[in-house]
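Structure record follows, encoded as structure tokens.
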Amino acid sequence: MARERNRWLSAYALIVYAFLFAPIVVLIIFSFNKARRGLVWQGFTLDWYPKLFSNGELLDALTVTLEVALVAVIVSTVIGSLLGLGLARLTFRGRGATETLLLVPMLTPEIVMGLSLLLFFLQLFDAHGSLAQLWIAHITFCVSYVAVVVRARAANMDPRLEEAARDLGASAWGAFVHVTLPLILPAVIAGGLLAFSLSFDDYVVTTFNSGVGSSTLPLYIYGKIKFGVTPEINAISTIIVAVTAIAILIAWRAGAFDSGPRRPVADEAAT
Amino acid sequence: MGAAVQPAEASAASTPLTDGPGRLARLRAAALVLPGVGWLVLFFIVPLLLIFVVSLGSRDALDRITLANPSLDNYAKAFDPVFIPTFLNSIRFATITTILSLAIGYPIAYWISRYGGRHKVLLIILVMLPFWTSYLIRTYSWIILLRDNGVVNSLLQAFGLTSEPIILMNTDLSVILGMTYGFLPFAILPLFVSIDRLDPNLIAAGRDLYASGRDAFLHVTLPLTMPGIVAAALLTFIPALGDFVTPDLLGGPGTTTIAKNIQELFLAGRDWPYGAALGFVLMIVTLTGTLVALRTLRREVAGGD
Amino acid sequence: MTDRHDGSSIDLEKELVRYMVEHRISRRYLLERIALVGGAAALAPIIAACTSSGGSASAAPSSAAPSVAASVAPPSASPSPTAQPSPEGALNILNWTDYLADDVIKSFEDQFSVKVTQSFFSTTDEMYQKIGEDGGDYDISFPISVDVPNMVERGVIAKLDKSMLPNIVNLGQEWANPGYDPGNTYTVPYMWWTTGVGYDPKRVKEEPTSSKALWDARWKQHISMLDDWQEVFGLTLIQQGHSANSTNTAEMDQALALLEQQKPLVRTYSTDTIGTMTSGDVWIGHIWGADRFAIQETIPDFAYYIPEEGGVKGSDTVATFTGSPHPVAAQLFINHLLDAHNSAANTNLIYYMGPNAAAKEFIDPAILSDPTINPDQEIVDKLEELLRLDQSVRDEYLSRWQQLRG
């Protein structure tokens, strides 16, 4: 019976992955579309790929996007994870308020968040948008997501494990690093992945906090709508997917994904 | 009710992190929580307060914001019945998207966790990979799939299921499809993280206790992964409520959302004060609803002790 | 914007322009000369040069101009202003993506050793937010003409230094003194357009001429309207015989009623006209005229017309701002855009017509001869411009728009 469930479930998983990748397949195919603009297939061409490498603005936009995302992910993952962990494991005064505080950025309409930050930086620092401003803005909207994910995981964690470590002579810091951290690590990574996706594709908050020389890829792309989005964009998206896929493949072959808590023997008997 | 097998955690009491001399413990607590809270207060709450002040203001003849006569007029205006249909649209789309994302996401998170083995992390990253492309191009790709002479319609006609193209684009269906697609990873990730942490011994025990696998799942696995489900629901429902781009690009005349109303007031209407007020009203309503739902959920989960 | 040249005598203005461009003198210099030595004396050498070099009475393009290019015309170096301050090393432009031809930017960078950085936006309202009260960090952007008076009053836009803009003579006469900016004191016009109806003749197998075609139940669920309250109400009001800028709430209500009737037939309200029309789901839609050329790349016989009841025209401007970090470079760039070749290059890229009379010789003849992109002056004169309405009027429209879209 376990094997049957496995087969149905595996088929289901295949369908879900197909659903996730269907638009991506279309996207890749249309990167070879001869049509300059428009959503209709007009023949095959490879021209968009070399073209995009000579498009300085597009490449700059991609660079800025990655610069912003990298910083946003690292900082928001660190402070978000700490926050999520603290909320899950500690009682302190104002805990309820902090939990509420966590939710509010997620339910703020993007235009409100974007313009509020614009106003903040303009009024207080006479700043008109910059890379640093984008870092701050992106970190701000990512923190909650990381915290919520880490909190859910930490809430499921057995506190006795840490207690045991302490009993065995570990310091509080040591227990944290060697027991707690590895246990919540998947959640931290998951939060980081979410944060990256949020930052990479953000438009509204970004457009009101970007300045000269800090235009991101979404800004470049949405700016194209008025006069037609060209398959160059498909091409660069395809390259991003390809590069990421290759990087993942290399990491996988190198065994980077093999670590993880060993399952206790009892589990293998049960399954 | 639901005889849930609870982990020994129950209500969070003091933990090893805060053990030890009181002050040190409080310091540690602060170290964990303060960076996040401090950041959000400085870069989120303060800007929000600025916008709140704006919402109390009005515009001068040149459309500049003025605080000459602060009042709550904009809030009174925000309760205009014209916003009810769009508000209901937002609620409707967010709710359906959340339910679908959870329903679709749970089994796949489960599959990755229990059958992914060595490839678990790889499989999770694969879930995210489609979203490191441009949102606009993904949406265009959906248009290519769903339009009248698109892939889906062509296939339906090729298999003789339909004789004419059915209208799939610019409908509620395309919006829900697009939103679910966009929020699926936001559901899958927290679900996976929660399911993956399940102690297999408890699952095994559950199977011993209950006759059918289904009961074991309902009474053991599901409640144990409740924090993950709650997290997934939050991460889907709340941002979905404020999503206006997907319904805008993939939707039609009947799918306008309240988020779009707010956006329009700020930009096309050049009326920051009014837009801000409407935004705050939406936020307060959403927050209240969410907190009530969470409290009810906690009571229910804790009550089955 | 057809030439008013009647072909029977020298078109002095045109010859004057050509002379000045060829000899790189500014209008100011000419005026000074006239003041110094008297009109006849100053103009005599010009007239002599024109008649002797065969600048004849015919309407043929001047001999100094290269032949019409079908693709992007090679940009020329703009005539330098007489006393030229040196430009700062950089220029920041806020723009739609692909709104300026690459060659135009490159030639500017090369000529003046200025590094141009472009930043992007996707709607005009966004642009205004980013410009703010003094331009932000941007030197150049493209505000819509009807928004200029408000921005001038708020002190956002900086006054132009005409001595640095000799190319301004290239503008067509009708653009010399626009209502929104008398004498082009603060801005120069950039592009202009019409809004009307576009359709795919393979689907709409007839040739409609009225905007009522957008209400035709035969195209149910294959109609699109712009996601722009002012354009949508404008079209409807004109159809009902009112002004597109009506301040009368009864007329607004009438328009709303008609739009509510249309709503079940509408597939989408969208400003992504190129995407919408080329997807094939929409057969007839409310679009901007120049989009037709872009759509024709995919649907070759795509048609466009200005409704017989009347239509809407609009224009945008190039402006620099009071807080701009590189004012000299900004002025030089504006002058650069006014160059005939450069203006033509931009038109050939985005298909919008410019106000530049001298550029016409270099514009793709397909665009130039197209009566829908480049209609006759009489037609253009009948079109209404969507004005920046008073706040209270705008609020009335907006609340009806919200009702419609709800």
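First chain written, first letter: the chains are A, B and C, and each begins at residue 1.
Heads up, the rule we're going with is that contacts are C-beta pairs under 8 Å (C-beta built on N, C-alpha and C of every residue); 3 or more make two chains touch, one makes a residue touch a chain.
This structure is a prediction, so every number in the text was calculated from the model and none was measured.
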Contact graph of the chains (line, ring, star, complete, other): complete
If chain centres are mean C-alpha positions, then the most distant from chain A is chain C
Of all chain pairs, the one with the most contacts is A-B
Cα centre of chain A to Cα centre of chain C, whole Å, reads 41
Whole-Å distance, C-alpha centre of chain B to that of chain C, is 43
Distance between the CA centroids of chain A and chain B (whole Å) is 15
Listed in rising order, chain B residues that touch 2 or more other chains are 140, 143-144, 147, 267
Shared-interface residues of chain C (touching two or more other chains) are 126, 129, 272, 275, 279-280
Within chain A, the set of residues that touch 2 or more other chains is 39, 115, 221-222, 225, 229
The chain B residues in contact with chain C across the complex are 59, 61-64, 80, 82-86, 140, 143-144, 147-149, 167, 169-170, 248-249, 251-253, 256, 260-261, 264-265, 267-271
In their shared complex, chain A is touched by residues of chain B numbered 7-9, 12-20, 26, 28-29, 31-33, 35-37, 39-41, 43-48, 50-51, 54, 104, 107-108, 110-112, 114-115, 118-122, 124-138, 140-145, 147, 151, 181, 184-186, 189-190, 192-194, 196-198, 200-201, 203-204, 207, 213, 224, 227-228, 230-231, 234-235, 238-239, 241-242, 244-245, 259, 262-263, 266-267, 272, 275-276, 279-280, 282-283, 286-287, 290-291
As the complex stands, chain A meets chain C at residues 35-40, 42, 57, 115, 118, 122, 128-129, 207-208, 210-215, 219-229
In the complex, the residues of chain C that touch chain B are 123, 125-126, 128-129, 133, 150, 153-154, 221, 227-229, 263, 266-269, 272, 275, 279-281, 391, 394-395, 398-399, 401-403, 405-406
Note: in the complex, chain A contacts chain B through residues 1, 5-6, 9-10, 12-13, 16-17, 19-24, 26-27, 30, 39, 78-80, 82-83, 85-92, 98, 100-113, 115-117, 119-120, 123, 136-137, 139-140, 143-145, 147-149, 151-153, 155-160, 162-163, 165-166, 172, 175-176, 180, 183, 186-187, 189-191, 193-194, 196-197, 200-201, 203-204, 217-218, 221-222, 225, 229, 233-234, 236-238, 240-241, 244-245, 248, 252, 257-258, 260, 263-264, 266-267, 269-271
